[in-house]
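Below is one structure, written out as structure tokens; the observations come after it.
Chains here go by letter, A, B and C, matching the order in which they are written, and residues are numbered from 1 within each.
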Amino acid sequence: MTALLDVRGLSAGYGDFQALFEVYMAVEEGETLAIIGANGAGKTTLLRTLAGLVPASSGTVRFAGADLLAVPAWKRVGHGISLVPEGRMLFPSLDVRENLLIGAHARRGGRWNLDRVIEVFPLLAPLLGRPSEVLSGGEKQAVAIGRALMANPRLMLLDEVSLGLAPLVVKQLYAALPEVVEAGTTVLVVEQDIGQAAAAADRLVCLLEGRVVLEGDPDCLTRGDIVAAYFGMKAET
Amino acid sequence: MSVRRTGQPAAPGATAYRISRSTAESKAGLAGSALLVIVLFTLPWWDSDGSLQTPLVVVLYYLGLAQMWNLLAGFAGMISIGQQMFVGAGTYALLQFAEAWGLDPWLSVPAAGLVAAALSAPVALFAFRLSGGYFAIGTWVAAEAVRLLVTESNDLRGGDVRSLTRESLGDYSLETRANVTYWLALALAVGGTAIVVVVLRSRVGLALRSVRDSEDGARSLGIDVIRTKALVWVVAAFWTGCAGAVILLSAPSTTAASAFSVSRWMALVIFIVVIGGVGSTTGPVLGVLVFWFIDEQLSDAEAWRFIVLGGIAAVMAIVAPRGLYGLIQRWRPLQFFPVRRRLIGPGADSS
Amino acid sequence: MIWANAVVQGLLLGGLLALFATGLSLAFGVMRFVNLAHGDLAVLAAFLAVSVTGGLGVNPFWSLLVVVPAMAAVGYLLQRYAFNRTMGPDPLPSILVTFGLSVVIQNALLEGYSADSQGLDAGPIETASVELPGGIAVGWFPLLMAAVAAVVLVGLQLFLSRTRMGRAFRATSDDPSTARLMGIDDRRVYAAVMAVAFATVAMAGLFLGMRQTFGPSDGPAQLIFAFEAVVIGGIGSLWGTLLGGVVLGVSQTVGNQIDVEFNFLSGPLFGHLIFLAALAFRPTGLLGAGRRA
């Protein structure tokens, strides 16, 4: 079986600053993969490169067999890749309903629509007419995830879901993930909270200074392995 | 952190890094420029028929105007399209001083510059509320308003054709007038270039660069952004006003429409700077040479002159944003006017 | 009564000024782009209408059908293949390109049509008028222009707030890179915005040509009026632009009346002074959302 997403030797960065160094990674259809790593490890850059917002300097990325790097950023959502960006990035001129609807601007066919998003995130129902600026952090994150789902992605990239949110809110948001996966979407989530990541994901990838240093099933990896990779120490033997 | 200037010996034991602005090219460039200025200065004695002197007056005052606009737009991020207001102010100040009040015409030139500088202060009060493209149009509106005021004024009679009469030139002969006007134009060009170099080498120059790169960043470093911009704005207005006075000295007559003409004193100046290279001191010199060449080719076709220069400038703004100077730099990095600091490490060729 | 008449005429003139300003306001609102050739495009459209009208022997109103779409196409292509390459945090390249374009258009018109003033003869509607109570005569033509301006502005506002495309425009204006994540090509949005801007300014240019005579070098004055309307009304608000156009229109007609009565000031100069006062006392404009120019 070929992977849905196949990343080979990917390097990328901002101007003279290189953030990713020859990253190799594969994501199988239907799995939930978590990318962990410290601040500055290159997690966000990896997602932004996959979404097309950061240009790759070398390497190849194949998505469902097609050369992804040749596709301009704005066409990638049509190919089935949606990014929930760090900081939510809702559109302040649009109200909540419009923020969700614009997610479907270039939608593929599929199960997700406004009603279904509200079923998964019932907290949004009374907020639809509100300006997006007045929402709380958790509400904003729910809109951002809903907005991405509206495009019916095959692969959803979730960046720093829990950043700045209360634990209870994070738990609510993660509770929606199984439904997303069940609807046929593969999920790639960037998370700083190792416990949360290990609980939600089928597989973990740890980045350190722009390189993949650890990969595996969270149930098979020891906490020591993960912590060591996270901080770049030698694992205790 | 202290910055050591070139020429001072490195302290014993210190790493032999030093900051230098000079390069071999810049020294050669400076020597060449000095020689050129001397040759140009003596021109009235050897160019007896004035075949060079007449066009050079125009080329030289355009270079002075171009350096000032480049200082504003290229270095200080103030993209003005209203500099014709200061040209016109200088022109009408000279008319008032020399013609109406009978002052010495040569001494009236710097006085005309002061009038323009005084005018620039209230204009800044309004224009500095705008930024980017709206600053550009805002200065343009201010220039239009001043032109209309001068046109309507009963004292300045901007609607009529006016000229400096023989009487107001006093005892000076026509030949003296021509020669002194030429030297003044030369002073505008050389002085304009020198002003830019001096400003860029000063603390203000460093402040300007940081303001241009990031206004908020500069502010957080404790740079008074408004004051820095205002200083450059007033200096440019003063010099542009002096140019306006010299333009009148070299022309038989004027009206408010021509003294405040956006196409003559703004469009051509912008095209010179853009074609030569925005944001470099050498750029306007290259640009004015291109202007001179095209002007000679199309001297009978006023409209075509604007179409060609405007077309080249618009295309260059897209494909070569640093102008001819930038293209030359890409081919071989040279710097004739030493304004940039370079770090010279140990073992590096320090010539 | 003279003054009441001046105000009524100013209100109607304000519609035309708002139509001039619409494209400038929209382009700045969506993409922070200032087109210095804006006024020259209006004049160019008027000259094109002279050729179309003369060539086909039709009423200038019909030339709208040719000139407006043609200008919209030119706007789309210019943005797509030239202006987009100048967009960025530094405003200098876009100012230089559009200023160069402005000078080229003026002088090309001078070469192509000579410096003579031209006019578009729209027929009897130009002079027909209706009398309001109080003896104020209102021309049908200024009334028509004001109505068209209002329809265009309201239509644009509805388009932006109600349609899928308008939503994409607003999202791009907020944050072009996140808009890309939604499958919106910001470069095409910019091209579409410029097409709309060119279409509206072409319409304004044609009305200008039917209202008064015009010459190749009239563009900058129109740019300045449009800019004044945008700033008075408040940057980034189309309703503000309509209001700004009306304030400027009244200022100009009242200024002209002052000139007639007291031989002092003039229409445009009074307009400039009102603009400067607005800038001094209300820099965010009448309806500006707190954003400065």
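Here is the rule we use: a contact is a pair of C-beta atoms (placed from the backbone, for glycine too) under 8 Å apart; a residue touches a chain by one contact, two chains touch by 3 or more.
Only a predicted model underlies this, so the values are computations on that prediction, with no experimental measurement involved.
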| item | value |
| --- | --- |
| Steps needed, at fewest, to go from chain A to chain B via touching chains | 2 |
| Most central chain, judged by mean C-alpha position against the global CA mean | C |
| Gap in Å, rounded to a whole number, between the CA centres of chain B and chain A | 54 |
| Separation of mean Cα positions, chain C and chain A [Å, integer] | 45 |
| Inter-chain centre distance, chain B versus chain C - centres from mean C-alpha coordinates, in Å | 33 |
| Of all residues in chain C, those that touch chain A in their complex | 164, 167-168, 170-171, 173-175, 177-186 |
| Residue ranges of chain A in contact with chain C within the complex | 51-53, 72-75, 77-78, 82-83, 85, 89, 91-94, 98, 101-103, 105-107, 147, 151 |
| Residues of chain C touching chain B in the complex | 28, 32-34, 36, 82, 85-86, 91-97, 99-104, 106-108, 110-111, 220-221, 223-224, 227-228, 231, 235, 265-266, 268-269, 272-273, 275-276, 279-280, 283, 292-293 |
| Chain B residues touching chain C - in the complex, by the definition given at the top | 73, 79, 81, 125-126, 129-134, 136-138, 140-142, 144-145, 148-149, 152, 262-263, 267, 270-271, 274, 278, 302-304, 306-307, 309-311, 313-315, 317-318, 321 |
